[in-house]
Each structure stands twice: as structure tokens, then as C-alpha cells.
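Each of the two complexes below includes chain A, the first together with chain B, the second together with chain C.
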Partner chain A sequence: MHTFGYRANALLTLGVTILALMCAMASFSDNFSLPSPSAHVQVLNVNWFQKQRNGNDEVSLTLNISADLQSAFTWNTKQVFVFLAAEYDTTKNSLNQISLWDAIIPSKEHAKFSIHTTNKYRLTDQGSNLRGKEFNLTLHWHVMPKTGKMFADKIVMTGYHLPEDYR
Partner chain B sequence: YIDFRGESRYNRDFAASVSLLPSPFSDKSVLSAVSHPVSSRRTKMDWQGQKLAEQLMQILLVAFAVVAFATGYTIGSFQTMILIYAGGVVLTTLVTVPNWPFFNRHPLKWLDPIEAEKHPKLQPQQPSSSSKKKSSKK
Partner chain C sequence: MGFVGETLDSLKRTQLRDALSQAISLGMIVTSALMIWKGLIYFTGSESPVVVVLSESMEPGFKRGDILFLHMNKDPIRTGEIVVFNIDGRDIPIVHRVIEVHEHGGTGEVDILTKGDNNDIDDRIMYAQGQHWLQQQHIIGRAVGHLPYVGYLTIIMTEKPIIKYVLIGALGLFVLTSTE
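Take a look at the complex of A and B:
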């Protein structure tokens, strides 16, 4: 501690170390939050259902997605990334997951929402297995922190069917 | 942090300067006029001050971190935590980094010039040949 430079360096190092510890504690405190989210998805319409030239089935849906993810936000949350995936099985794949729509929720105020939309991304099968298919719609979300660990969770909604014939 | 080379250099220079100065005054008053050691130019903080600076730095930073975290967590604002801590870092810098006078309240007492001049053979490689042994020459 005998010179200005020595003390400045010591202060900077100790200051940054303590800051790192505070951020670790902030991330750890996220473990104590118990979110209670809810979600509901309605398939309003099957717009079209075709077999593409390459032999793959493709379907377009209009959806009503409503959810309340406000309890997922903590003091250490930067944003929540949420996406809706269609899940079903085929003889070729035991699990197919296709992302239909996603969004970034920047703050708690925006976390309770209800939107009416067509699927943002194409629902295309590997093959032509979709006629009369029963599938789940799963809402996934990632709670992205300001510092530290990211938490992810989902809600599975079952009981959706695709039409028996192409439209 | 004691510089033996500097000390003996000072003593030699001092002794030389005394012999060159013509003076109507007694030896003692001439010596006292040039008695302030130049060794203080390097350590502006004494040992006690350095220890105080280190302790103050650690205590202040930890205290501000605790207050910042507690406030941020209670209010639910990460930004508040960062701002309080940043303020604490700035305050700690202002208190501990510049060499304030209160860090120099126990300055080291260097050898009295009269003592040093009496023992011109004082060398760094012979620390045992100290002024105590040669005091019999008085």
C-alpha cells in the first residue's frame, strides 16, 4: 500500500471480486422464486394442409395463444424467451418438435398476453405422416437472467388433431 | 521499505555539505538547518497509514456491497444494487487512494544527523557495526 498505483490496483481488484460475488449471490437467489405460470392455446383454424412436391406434409394454422408468465420474472431477470412447439411421434421419429411461434417478453408488464396469429414458422413433417395426427402443443420459456443461471420450463397441452384429409 | 543505500548516501552528502558551509553559528544550529531527510520523498504514507488504508478499503467495499445487495434484493431492483455499489467504490477510492495527511500521522524517525555524522564508516554490509558499539567514541 505504499504507492498510489499499488492502492489503486488493490482497490480495483477487490472491487471487481466483490462485484462477482454479488452477481453470484443474485443468481443464486433466483432458486428461491417459485413461478406459477399458466397457458392456453386454441387452434382456431386449419388454413391449408398440403403435401409438398418433395413429399413432405405441410400445414398452416391460426392460433390463439394466451399465457401468464408474470411469476417467472425475478429481480435478476433480463427477459423471458417464449416459444410454442408442436410435438408428435411418427414411425420414423419417436419425437418431432416443431417451433411454430416465439417471442421475447422484455418485462413483467408484458408477460400476461393473448395473441391471435398464424404460425410464424412452417409446420413441415419429415415425410407425410400428418393426416389425422394427434399432437401436443407445448409452451416453452427461458428465463434469461441479468447475471448467472438461465432457467427453462414448459407447459404441455394435449388433445389437438389434424384433419384426416388434405385441404 | 527502508532504503539503506539512500540513507548512507544521505549521510555522506550531508557530512560533505556540512564541512563546506561556512557558518558563524555553532555546529548544532547549522546541522539542524539541513536536517530534514530527503527519504520522505518516496513514502508519503507511513506504515500505520498503509495498514489503515488497506483496512479502510476492505471494510468500506464489503460494507457497501452488503448494503447494495440487501437494498437491491428487498426492492427487487438489480440496477439499484449496482448503483449503490458503484457509489461505494467511488467513495472508497476518494478515501483510501490519495495520500491524505491522516495516513502520515506516525512518520518514521530517521537517524539524527549529529549521530550519523559521528559514524562515517556506517556501511550496508556491516549492519552489526552500528552506532551503539561506536558510541564509546563520544
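Take a look at the complex of A and C:
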């Protein structure tokens, strides 16, 4: 009965159970933090605005993004993935959601930032509906935990009105 | 009935009863594992509720060998979500983040573009020939939870199958020989 195999098995089972319990508790403790991030985004310039050869509108913007996501970090946070999305609707599509810029924030020390950038990904429409289009800018962040459940939230900011003509 | 009693006694002596109960307990282990898997499929709505991360394209968020828990429901896919999808002509599903969504007004169909957090460019180059977007039917599930390291055993077993056979053999032997 009390062979080596038996004891090893019991020890392993206990160890795995305790580890699983600790992971569950670490993930559960994330629920008690109430993050209150702030963000501000400004469109500084429309660098170009054109119709591609395939007929789709494309815009290049210069953006100033500042945000304070320090409160999104808990002791169970591995990193926070933050991105800025443009959201608008057209007659063809009830929703277009395009990520313009994103970044990985590895630690709390880097979670307060201000960055001056052009859009990292193309803002391209499915069609040519962008002239005079009003779109929303939303800062999303996804909290990736060391273990357990992932969280996500967003701040919707004032939109931007694209020019009536290509440039 | 002396005859029945004698037969039963002899059965006990040949330990057929022991062998049968071993077989049943082995069967119980196999079937309960199957039940848990099928139960997970039912409750998460995803055909593969647990996946192991095989590539480095989502580092440092997800490392090779991490386990992801998937969920699938009627909620529409949105940018920022981490989805697992299949590409026609590829065996292994891919775990990447959605960076662009276009939802058609009339039909409600979606066009989705993905990218790995650790990759420099979006995934269009690895989609099937001529495919520009993912549709809902390509998506297996969205990642909701994460458990580090646990899947590494799976990676080792796929890369060195001999370890798999040794492990299965040892486990089988353990179940068959343990008498308690």
C-alpha cells in the first residue's frame, strides 16, 4: 500500500491541486481591482487621402496618443495590449472597425505614455466612402494575465471628421 | 446449490473478478476523460475548447507551451479579440489577434483581418491563395483564459513520439498493476 509509487502519486496530485488553486485565486483576485485609466487622442494631420487603384479609400493620419493605464496593472498582469481603433459605418457595412496603432505595455512603469505617430496599419475602407466621413476613435486595452482570465475595456473618445476631398 | 457456490469459488480463485474490476476502472478513466472533453465542447461552444500555443507569434503574451481556453458564442467578433482560426489547406489552427473588422449591413457577415502581436505584418500572406479576409466560419473560438507552461508536455510528446508511448505504457501498467 505505502509503496514509493503510491506516495509519489499522492505528492504529485497534492502539488498540482495546490498550484491549480493558487492560479484560480490569482485570477479571481483580478476582479477586485477597479482600473480607472484615462486617455487623450488628437488627430494632428491628414498626411494623404486617396483612392487606391482598386477603388478603396485610404487615409494616412498623424496622431498624438497619450494615456495612463497604470491602474490596469495588478500583480497578476503580464502585459497590457493597447490599441487605437477607428470605428465608422457606411451604407455597405454596419460596422467598420480598424486598428490604427497598437503597442504592448510590458510593465506598470511604461503604462503612462504620450506618443506622436502616424497610423501603423492602413486605414482603408471597403469601397470609397471616406470623404467627409465622421469616425470614432476608441482606445482599447486588453489585460493579459500571468494566469487566468483575460480582461478588456475601452474609452470612446471624440471622433474626427475626414475632409470632403482627397488630398 | 453446491454447484454454483463451487463455481463462484473457483472464479474467485482464478482472480477473474480482479481482472474485470481492473478493466472497468481503466474503462472509467478513459470514458470520464472523454466525458470531460465532450462536456467542455458543449459548454464552451467551441469544437476545441483547449488549445496549446505552438508558435512564437504572440510572444510575450502567449509563449510556446501555454494553454488557452476558448469560448465560442453568437457575439460578433470585434477588433482586439484573440481568436483561433483555421485556414483552408492548413492542418494546424492559428491563434492571433483581430486588427480589422468589417460587418456587412444586410447579411451580418463579417470580414476579419488578424495579426500576431509579435509579427511585423498582418496575416494576409498566410491566408489561402486569393483570400483577403477571414469569415465567421474560419473562427474556432476566442481566447478567454490562459494557463502558462501546462501545454509543454504536449509539445514534447508531438516532437518526440517515443516519450508519448513510454508515458502511456507506464500509465497503463500502473493502472493494471495497482490493486488498491
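By our rule, the second predicted complex is superposed on the first by the 166 of 167 C-alpha atoms of A that agree within 3 Å, B and C clash if a C-alpha of one lies under 4 Å from a C-alpha of the other, contacts with A are read in each partner's own complex, and residues count from 1 in each chain.
In this section, contacts are C-beta pairs under 8 Å (C-beta built on N, C-alpha and C of every residue); 3 or more make two chains touch, one makes a residue touch a chain.
The shown structure was predicted, so the numbers you read here are calculated from the model rather than taken from an experiment.
Novice: Following the superposition defined at the top, how do chain B and chain C come out on chain A, clash or fit?
Specialist: fit
Novice: Looking at A:L14, would you say it contacts chain B, chain C, both, or neither? Reply first, second, both or neither.
Specialist: In the superposition, A:L14 touches chain B alone.
Novice: Taking CA centres after the superposition, what's the angle at chain A between the directions to chain B and chain C, given in steps of 10 degrees?
Specialist: In the superposed arrangement it comes to 40 degrees.
Novice: Check the residue A:I98 against both partner chains and state whether it touches chain B (first), chain C (second), both, or neither.
Specialist: A:I98 sits against chain C, while chain B stays out of touch.
Novice: Under the stated touch criterion, which partner chain does A:A24 make contact with: chain B (first), chain C (second), both, or neither?
Specialist: After superposing on A, A:A24 lies clear of both chain B and chain C.
Novice: Given the superposition on chain A, which partner contacts more residues in chain A: chain B or chain C?
Specialist: Between chain B and chain C, C touches the greater number of residues in chain A.
Novice: Which holds for A:I115: it touches chain B only (first), chain C only (second), both, or neither?
Specialist: Touch partners of A:I115: none, neither chain B nor chain C.
Novice: Pick one for A:F81: touches chain B only (first), chain C only (second), both, or neither.
Specialist: Once the two structures are laid over each other on A, A:F81 reaches chain C alone.
Novice: So, A:L44: does it touch chain B (first), chain C (second), both, or neither?
Specialist: neither
Novice: Just to be sure I read the superposition right, which of the two partners does A:K146 touch: chain B = first, chain C = second, or both, or neither?
Specialist: both
Novice: Once both structures are overlaid on their shared chain, how near does any Cα of chain B get to a Cα of chain C? Whole angstrom is fine.
Specialist: After superposing on chain A, chain B and chain C come no closer than 11 Å at C-alpha.
Novice: Which chain A residues are contacted by chain C in one complex and by chain B in the other?
Specialist: 1, 146.
Novice: Once bound in the complex, which stretches of chain C touch chain A?
Specialist: Going by the criterion above, the answer is residues 60-62, 78-82, 97, 99-105, 108, 111, 117, 122, 143-148, 174, 178, 180.
Novice: Along chain A, where are the residues that touch chain C in the complex?
Specialist: Residues of chain A touching chain C: 1, 5-6, 23, 27, 78-79, 81, 83, 85, 89, 91-99, 102, 104, 106, 121, 126, 140, 142, 144-150, 152.
Novice: Using the touch definition up top, name the residues of chain A that touch chain B in the complex.
Specialist: 1-2, 4, 7-8, 10-11, 14-15, 18-19, 21-22, 25-26, 29, 74-76, 146
Novice: Which of the residues in chain B end up touching chain A in this complex?
Specialist: Those in contact with chain A are residues 1, 43, 45, 50-51, 53-54, 57-58, 61-62, 65, 68-69, 72-73, 75-78, 81, 85, 89, 92-93, 96-99.
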